[in-house]
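Structures follow.
You will see chain A twice below: alongside chain B first, and alongside chain C after that.
Our next item is the complex of A and B:
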């Protein structure tokens, strides 16, 4: 039996993961719900002062989305490890990095995209000026795949361990600091009426680097974690 | 000439030989650390003149700066050892990488604490979010992540490989810490001591600093030897040489 051609294998992988995600729609709604709850709590904790909320809105939305993604990251490979399909993927003739890249893409489509869709709503609730909205959306559009890719490497590393959500957060924090800095920098610059394209360009450059390297690193990490 | 170096390295890489060599090196390294530390601290805290601007408060650099150097140096050693462990699967390299992490984390913690103690009287704040301080804090989290990941696995060698991989990813932060004061406009001052060029520091203040630096290096070597020996005994507990070690220890 010959292996199916690469494009077919990729699309099959993507379709499988998206179907699985769609079958568990309730799980998909969880990060969105979480983000809404966190964003709603901020005005209560800080008081409904318009100027203050406007100032922090961009950062709050960014961090909220990041935390919501962290919540969902843990599940990226969990069910595949439980039913053994990840081992099958490692043994398959297709390059593992590419297959994992498809899995990461599916995960991003299922968890990050809904968060980006509701981000304007969250920002609106916190009175982010409309002028800064394009910067926020663009920053999220580049920052969330970056987090998915970086997170996938770390999730792959912890694949062989007992469930360890806190450990994942501890490991992801150093890697996501620059992402948050640049994304927040873009939003802050837009709010002050300054040119905000430079930090976005940095994010895009980092994203391109990660799209190439992270699946390879993810594959290497997975081989280490499953090797026993 | 060219063959004995790799041969010697191969020999040193075997756990029983390393156990013996580390046992012989450790007391000397520890002695050197204590001696240099005592001389350096006496020179720095007593002999060196007070700063014309900061008074005596500047003396904290004799702890702060060597610790900061070590926090980066140990991370580099850990990353190199992790690379060797992943590529050639050398057991000893795994041990060196994983046993370096807690020492490096300790030095990073000392750096952050002494820095903020100095920052309070000088900058008027314990902490500020500038590039040098933030990247050093990130370094601490990287160390903690490596330690945490290592202990999350039940199989220690697998844990060492996974944590080593994380250490290699995180090594990107070391140049960021080092050059953060040049790349960004930070509150933290730029580097004063230059190994390859002219240092912007009088000799009276410089020699105690270099002395303490030597002491921290020697302490790292001693501590690493001790930790690696213990770890090797645990890792190789079923082997013959460990039984022999245990028997000679019991016979004494």
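Our next item is the complex of A and C:
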């Protein structure tokens, strides 16, 4: 009697979560809609000053996308805890950290990827110079999974507490700051025609660290959440 | 024969669990052998669910020892051999019973020669295989969860109130599954505060006291 091989378990996990995301696609539209609304409102509030919009475009898009992700973060493990799927996952003969890593990947694909896809549109509306567009997209490509992973750890830590949303936002804020600084730094450097790869490399390094450590932390936190 | 082959599947010595320094149940001693059915009896709040969650590995014993096939209980040793079915059925409401089963099989494995379709027919969900679980009745949801018993390879079943929400045929189904599992060399701990009409001899009983 042997457990199914890891690749099979990983693909089962990924397939289930993506199917679930697709069945709940109404929920998925929410962060995208939020990002569009915020980005549309900025020029109305600040006036149609081209120079001003160009200067803030990169930062606005980054912050909007990260905040939109925060909206969906809360739900990462909530339904699994509620319906007992998490218990079954913990009891399965698979490494829990890896399975949670797959869940985080599915969550990122379902929530962050659509935001990255519409990011050029938002940036275009705010007149971000085309030269800075690659920097913005690369920064988002590294910053959003970083936020997903950091967020997953905090969601796991606050799992089982009521009104965890508030606590989550407070705990995530200090962790978000460096991510935003490096991502915005890359975009600003690109806008001024300076080399912008160094901040991206920092984001990538942090991402690699988190890819390894965050699922392990999640697994430990969720085991504790169930053990009560 | 080695010692491991003759040792009981599961053995508990003075097992107890404390919540905030209050014992949830009095220390328990029991043994479960292969081919044995054990009923966990007790009033509401006597710790039946806690005991089963403890044995499944979701909780850690506060005191006492737990042995699996003569060796100290370890998660990685028994992970694939224990099947826990609790109050939360672990069924995704947006998925169909077939999809839920496919996921369970991907994670826990599948018995040889067992197909999800045949399993769902056996638990009485023929015709509902592709209906989202959300649209099923409470009893049908329970049956969809019970289908995992037939699909997953596990020696020890830990069933928490398996009769809840089921009609007469459903109760007969649970008893039939249990009889077949025990006859095939499996073991099961079943918690219930109701009458259990099990026909395969007189089962062992664990009385729970707060």
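Just so we're on the same page, the second predicted complex is superposed on the first by the 226 of 228 C-alpha atoms of A that agree within 3 Å, B and C clash if a C-alpha of one lies under 4 Å from a C-alpha of the other, contacts with A are read in each partner's own complex, and residues count from 1 in each chain.
Please note the rule applied: contacts are C-beta pairs under 8 Å (C-beta built on N, C-alpha and C of every residue); 3 or more make two chains touch, one makes a residue touch a chain.
What you see is a predicted model; the values in this text were computed from it and never measured.
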{"item": "Superposed partners chain B and chain C on chain A - clash or fit", "value": "fit"}
{"item": "Contacts of A:30 with chain B and chain C, given as first, second, both or neither", "value": "neither"}
{"item": "Where the C-alpha centre of chain A sits as vertex, the angle toward chain B and chain C in the overlay (nearest 10 degrees)", "value": "90"}
{"item": "Which of chain B and chain C A:137 touches, first, second, both or neither", "value": "neither"}
{"item": "First (chain B), second (chain C), both or neither touched by A:227", "value": "both"}
{"item": "Which of chain B and chain C A:89 touches, first, second, both or neither", "value": "second"}
{"item": "First, second, both or neither for A:67, with chain B first and chain C second", "value": "neither"}
{"item": "More chain A residues in contact - chain B or chain C", "value": "C"}
{"item": "Touching partner for A:125 - first (chain B), second (chain C), both, neither", "value": "neither"}
{"item": "Contacts of A:157 with chain B and chain C, given as first, second, both or neither", "value": "first"}
{"item": "Contacts of A:211 with chain B and chain C, given as first, second, both or neither", "value": "neither"}
{"item": "Chain B and chain C, minimum CA distance [Å, superposed model]", "value": "8"}
{"item": "Residues of chain A that lie at the interface with chain B and also at the interface with chain C", "value": "227-228"}
{"item": "For the chain B and chain A complex, residues of the former touching the latter", "value": "86, 134, 138-139, 141-142, 144-145, 148-149, 152-153, 155, 158, 161-162, 165-166, 169-170, 173"}
{"item": "Touching residues on chain A, where the partner in the complex is chain C", "value": "1-4, 8-9, 11-13, 15-16, 19-20, 23-24, 79, 82-85, 87-94, 99, 226-228"}
{"item": "Chain A partner contacts - residues on chain C that touch it in the complex", "value": "19, 56-60, 76, 79-82, 84, 86-95, 99, 102-110, 132, 153, 155"}
{"item": "Touch list for chain A against partner chain B, complex", "value": "153-154, 157-158, 160-162, 164, 167, 170-171, 173-175, 177, 217, 220-221, 224-225, 227-228"}
